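Alright, structures below, take your time with them.
There are two complexes below, and they share subunit A, which is joined by subunit B in the first and by subunit C in the second.
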Partner chain A sequence: MLMSFLHPFYLIAAVLLLISLTLLQGLVEQLRNRAKSFFFLTLFIVAVNPLVNHRGTHILFYFRENPVTLEALMNGFLMALSLLAILILFISYNFVLTPGRFLYLFSKILPQTALLAMLTLRFVPLLIRRLDEIKIVQKSKGMTITEGRVKDRAKNGVSLVQILLTWSLEEALQTADSMKSRGYGVTKRSSYERYTFTKNDIISIVLLLVLFAGCLIGLFNGYGNLTLYPDLESTSMGGAEWSVFVLFLLYIGFPLLVEGREQFRWRYLN
Partner chain B sequence: MEILKLKNLSFSYPERDDEVLQQISFDVKKGEFLVLGGPSGCGKSTLIKLVKHDIAPAGRRKGGIIFNGKRIEDLPAEELAGEIGMVFQDPDNQIVMEEVLQELAFGLENLGYSTDYIRKRVAEMVQFFGLENLLARKTHELSGGQKQLVNLASVLLLNPKLLLLDEPTSQLDPVAAKEFITMVKRINEEFGVTILMVEHRLEELTAVADRMMLLNGGQIAYDGSPREVFFNVWDRRDEIFSAYVPSIPSLSLHLNENPEVKEIPLSVKEGRMWLSGINGFSAEQQPLPEAVNVRKVLSCDSVCFRYERKGENVLSDLNIDIYSNEIFAIVGGNGSGKSTMLKTMAGLINPQRGTIRFKNQKLKKIPKQEFHLSVAYLPQNPKLFFLHDTLEEEWSRAIERTNDENGNEKMNRITEMLGISHLAEHHPYDLSGGELQKAALACLLVSDPEVLLIDEPTKGMDPLSKQKFGELLTDLHFDGHTIVMVTHDIEFAAEYATRCMMLFNGQVASVSDPRSFFAGNTFYTTSINRLVRGSNLQEVITVKEALASWRVQASIQV
Partner chain C sequence: MARSSIYSGLIVTGMLGLLIFSIIYFPEHYLMISFLFIGLTLIPFLLRFEMRKITGKELVLLAMLSAVAAVSRVPFAAFPSIQPTTFVIIVSALVLGAESGFMIGAMAALVSNLFLGQGPWTPWQMYSWGLIGFLAGILRNTWFMKHLWGKALFGLITGFAFGWIMNLWFIIGFLGEITFSSVFAYYATSFYFDLAHAVSNVFFILVFSSGWIKILQRFKRKYGLLAT
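Let's turn to the complex of A and B:
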C-alpha cells in the first residue's frame, strides 16, 4: 500500500498516522534513536533523485548544465516518504511480532527452520557477550584492537574471533546434548502458546479486507497516484479522490484505532 | 526394588586402550539419593552419560545397563527422554530458548504433548519452584543459581523417574548451591524421584544423601552411607580421599581415638552435641605470623565503576590497600562486584572515578605492557587465555613478551614445578580444567610478576586438586609473589589466605586476618567456626588450626 499510493497527501498522512501509532505503543525511545538517521536518509533521497533523474517538463534550474526538474524533485520526495513510512512501520512491527510469536506463526509451516532461526537469534547477543569477555582477558596479554598499527589490530581482531569460534563451538556441543536429552527431534513438536481466533479477530480481518479492496479499486481507477511524467499533475483532489483517501486513512490507521480504543478504555472507562 | 542396575560396565574412548570405567556393577534402589564423587577423570561423568543413553559418548562399551527391568538400548527414544532426566554442569550451555517460559516448555513441546497438558504441567511446576517472577525474563539475564533452577524445572516437567545431575552446583556460589541442593532433596522426598548426582562438594550433601559412592581410576573405591564412607576413608588412611571428608566429620575422626560409624557427626548440630560430650581440650592460642617488611603494592582509592552510563554502580567508592607478600582473598556474594574489582585492579577496565596505584604510581602513568607483566591476571575461564594450537607455542609467546634472555630456562623450571611440562604438545582444549589453569599460570609466572590476580581459582575443582592448588599458592607466596584472589569458597579462603576482605554492594564491608574475619561472621564463615562458636573451646576456623591449637592426645593421628 505504502509503495503504491505515491501521492504526497496520502504519504504524509500515512507517516503521521504511523508516528502516532509508535508513540501510542510507547516506543518513544526507539523512534528518537532512529529519528536522526531517518531524517538524513530522507534528505539524501530528495537531494539525489533530481541530480540523476532529468525527466519532466518543469525545469526549475540548471545544476552543472543538467536540468533539475520539478517532476524529479517530487518523485524523490514521494520515494523518500514511502521509505520513511515503511521504516517507521518496522519499529512497530518489531514490537508487536516478538520472536515467540514469530516462531508460532512459522513453526506450523517450517518447524525446523523456525527453531533454527530462534537459536540463531539467541546466539547473536551470546556471542557479543563472549567476545567482550575474550577482549578483556586478551587485553592482559597485550592483545588489543584499540591500539597500535592497523595491521596488528586487524590481526589481533582475527585471533579474537578465532578464540570466540573455537570456544563457542565447544560450548554448543553441550547445548546439543541438553536439547537431545530433552527429546528434541523425537516426535513432531507441539506448542505451549495458544493464540486463539476470537470474534474480534474475524471482524478485524473482514474490515481490513474491505478497506484493502476499496483502496485497490481506487488505485486501479487512477486515484491516489500522482502522475509525474510527462507533465506533473496537480495535487488537488476531487470528490471521488477524497473517498479513496478516507479509505486509505482508515486502512493505515486501523492499528492506531485498535490501540487507541484500548488505551481510551483503560484510561476513562476503568 | 532397583530402578537402575549396572552389570560389569566397562568403557573406553575411541583410539584409547585404557578403560575409563572398569567392570563397574551396582544397583540403585527406587527413591534413593546417591552421590557419586571422585577426582577429575575418574569416570563419573562418563558413567552417568552412559546411563542417559541418548547422549552417551562414542566408544567401546561392555556390560549392561538395565533401567526399570529393560536394557537401556531397548528403550524407545520418547521413553528415554522422559523417564531419565539430566541436568548438566554449566548453567548457560544447557539453556536453549530466549525466555524462561519457552525454556520450561521446551522438553514438553519436543515430546509433542497437547497444549492443554503443557500449560497445566508448566503452571504446576512454576508454582512448586516459585518461578512466577522469572517467567517473562530473558534467560541470559538470570543469575547462575536461577538458571540452574530453571534447568532443573525444565527437566522435571517431563516427569522423570531417574534424575541425573552432573556437577550441577560447581559453577554456583555457596548460597545458590545450597538452595539448589535443597530443591533436589525436596524433589527426592516429595515425588520419590531417584537421584544420581555427581558432585565434588560433599559438605552440603552429607546431610541429604542416602548413599555415597567414590570412584577412582574407573573403579568403585567406597560405597555406603556418608558415615560409612568417611569412616572407611579415615580407617584406611586414604590420602586421595581424605580431602573429600568434610571438615566436621574430619575433625571428629581426627580427635576420636576409637570412632564409631554411628557417632560421626555430619552437621553443625550433630557436631556440637559431640563436642559438648567431650572434655579435656586445653586451649592454646597460636600466635599469628608477624608481618615483616611490608609495603603497599596495589591500592584502590575511591574507585567507582559502572558498566552502563545509566546503570548502577558496581563498585562505589572502594578503598583498599594490598601489601606485598600477602595472600589476599576477596569474598562476597554473587554480583557483589568481586570480579569487576579484580579486573579494575588488573587495569583491564577503567574506573569512571578514583585511582588505582601500583607501588604508589598512578596506573595511567605506567606503560600498559610493563604493568601487565608485573600485575598478572588469571581469568576465571582459562580457556579464553589461549590463542595457539599447542601449549608450547603459547609459552614461547609468553617468553617473547618478557624480553628475557633466560626465558626458556625459566619457563622450563616453572612448567616442571607445576608438573605440566609433559603437556607441551597438547592442544589447550584437550586439557582438564586444572591443567589448563596451570598452563595459563605458567605464562604469567615467566615474567615474574609482583602481583598475581586470580579470579575464582577453585571453581569446579575436586577437593584434592583444590588442596594442591592451595599449596601451590602458598609456595608462590613464599617466593615473594603477592596474591589477590576472588573466591566463593570460604573454606579455601580460611585455609590459605593471610588476609580476607568481604565486598558488599561495591564497598569493603570488612577486612582483616582470616581468624578474626571469620570469627566475626555468623553466616559467612567456615563450618568448623560455626561448630565451636559458643563452646568453651578456643575459637578456630579450620581443621588444621583446631588440631594445632587444641593440644589433644589425638595429635599422633594427624
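Let's turn to the complex of A and C:
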C-alpha cells in the first residue's frame, strides 16, 4: 500500500497516522533515536533524484548544465515519504511482533526452522556474556580490540570469536545430550499455544480485507497515484478520488483505531 | 541428485517467468515483486530443511554456529562493514556442506535482526548470507576451494556480492527512476564499505581459515556427523 499510493496527500497522511500510532504505543524514545538517521535518508533521496534523473518538462533551474525538473523533485519527495512511512511502520512492527510472537507464527508452517531459530535466539545472549568473560581474561594477557592498528584489532577480534567457538561447541554437546535424554525426536513435537482466535480477530481480518480490496480497485482505476510523466498531474483531488482517499486512511489508520479504542476503554471506562 | 536438479531447473524457469511477467504487467511495483522473488527463493531451502529428519545434535550444532556467526559482529561494532560473520558462514559451509551453510547464513541474519530490529532488509540479508553459505558448500570439493588462494578469492567476490545484493532493495524500492547513472552513483557511494567487507573477508580467510576448518572438522566428528 505504502509503496503503491505515490501521491503526496496520501503519503503525508500515512506518515502522520503512523507517527500517531507509534506515539500512542508509547514508542517516543525509539522514534526520537531514529529521527536523525530518518531525516538524512529522506534528504538523501530527495536530493539524489533530481541530480540523476532529468526527465520531465517543468525545468526549475540548471545545475552544472543539467536540468533540475519539478517532476524529478516530486518523484524524490514521494519516494522519500514512502520509505519514511515504511521505516516508521517497522518501529511499531518491532514493538507489536515480539520475537516470541514472530516464532509462534512460523512454528505453524515451519516447525523445525522455528525450533532452530529459537535455539539460536537463546544462544545469542549466552554467547554475548561468554564473549565478555573471554574479553576480560584475554585483556589481562594484553590482547585488546580497542587499541592498536586495525589489522591487529581485527585479528584479536576473530581470536576472541575462535575461543568462543570452541568453548561453546564443547558446551553445546551437553544441550544436545539433554535434549536427547528428554526424548527429542521420539514422537511428534507438541507446542505450547498462548494465542487464541477470537471473534474480534475475524471481524478485523474481514474489515481489513474489504478496505484492502477497495484501495486496490481504486488504484487500478488510476486513483491515488500522481502521474509524473509525460505530463505532471495536478495534486488536487476530485470526487471519486476522495472516497479512495478515505478507504486508504481507514486502512492505514486501522491499527490506530484499535489501539486508541483499547486505551480509551482502559483509561476512561474502567 | 537428478530429481533435485529438475526441481532447481523448475524454480529457475519459474523465477524467470515471474520476472518477465512482472516487467510486462507491473512495471511500477519493483519492490513488491522483488520481495516475492526473495521469498520464493528462500522457501524451497526451508522446506527441504523441514523435510529432513534431523537429530538433536545436528540441530544444536547448526544453532550454535548461527549464533556464533551472529554474535561475531559484536567485537567489531566499532568498524562499519568489517565483521567476521561472512567468514564464519563460509568456513562452516566448507566443513558442513551447502544446505547447512544456507541455514547457518539465513539464521544468522534472521536472529541478529530479531535483536537489532527487523526491517525490509531482513529477507535480503537472509538471502545474501544464505546464498554465500550455499555457494561455499557447493564449491567445497572443487580444486580451487582446496587452495587457500581460492578461498580468499571466494571471500573477495562474496564480500562485494553481499553489498551489491543488499543495495538492491533500496535501489529497487526508493531511488525512483532506475537508470544506469543513478544505479552507478549509488554503487559508487557504497564501494568503500563493500571493499572493506571484501578485504576483511580475505584477511580473515588467509589468517584463520585453516585453523577454523580444523576445529570444525574435529567437532563434526565429535558430534557424530562423520557420515554427512
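Throughout what follows, the second predicted complex is superposed on the first by the 269 of 270 C-alpha atoms of A that agree within 3 Å, B and C clash if a C-alpha of one lies under 4 Å from a C-alpha of the other, contacts with A are read in each partner's own complex, and residues count from 1 in each chain.
By definition in this document, a residue touches a chain if its C-beta (ideal position, glycine included) is under 8 Å from a C-beta of that chain, and two chains touch if they have at least 3 such contacts.
Note that the structure is predicted; figures quoted are calculated from it, not measured.
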Contacts of A:217 with subunit B and subunit C, given as first, second, both or neither: neither
Partner chain(s) touched by A:258 [first = subunit B, second = subunit C, both, neither]: neither
Touching partner for A:150 - first (subunit B), second (subunit C), both, neither: second
Which superposed partner A:119 touches (first subunit B, second subunit C, both, neither): both
Partner chain(s) touched by A:180 [first = subunit B, second = subunit C, both, neither]: both
Subunit B or subunit C, by number of subunit A residues touched: C
First (subunit B), second (subunit C), both or neither touched by A:48: second
Contacts of A:129 with subunit B and subunit C, given as first, second, both or neither: first
First, second, both or neither for A:203, with subunit B first and subunit C second: neither
Partner chain in contact with A:166 - subunit B first, subunit C second, else both or neither: both
Contacts on subunit A seen with subunit B and repeated with subunit C across the two complexes: 99, 119, 121, 126, 162, 166, 172, 175, 177, 179-180, 184-185
Subunit A residues touching subunit C - in the complex, by the definition given at the top: 3-4, 45, 48-49, 51-53, 55, 72, 75-76, 78-80, 82-83, 86-87, 90, 93-94, 97, 99, 102, 110-113, 115-117, 119-121, 123-124, 126-128, 131, 135, 145-146, 150-151, 154-155, 157-158, 160-162, 164-166, 168-169, 172-173, 175-177, 179-180, 184-185
Residues on subunit B engaged by subunit A in the complex (per definition of touch): 52, 54-55, 77-78, 81-82, 85-86, 88, 90, 92-99, 101-102, 105-115, 118-119, 122, 140, 151, 154-155, 158, 343, 346, 348-349, 368-369, 372, 376-377, 379, 381, 383-387, 398, 401, 429, 443
In the complex with subunit B, residue positions of subunit A that touch it: 99-100, 118-119, 121-122, 125-126, 129, 133-134, 136-143, 159, 162-163, 166-167, 170-172, 174-175, 177-194
Residues on subunit C engaged by subunit A in the complex (per definition of touch): 28-29, 31-32, 46-47, 49-50, 52-57, 59-64, 66-68, 70-72, 74-76, 78-79, 82, 84, 87-88, 103, 107-108, 110-112, 114-115, 117-120, 173-177, 179, 181-182, 185-186, 200, 203-204, 207-208, 211-212, 215, 219, 222-223
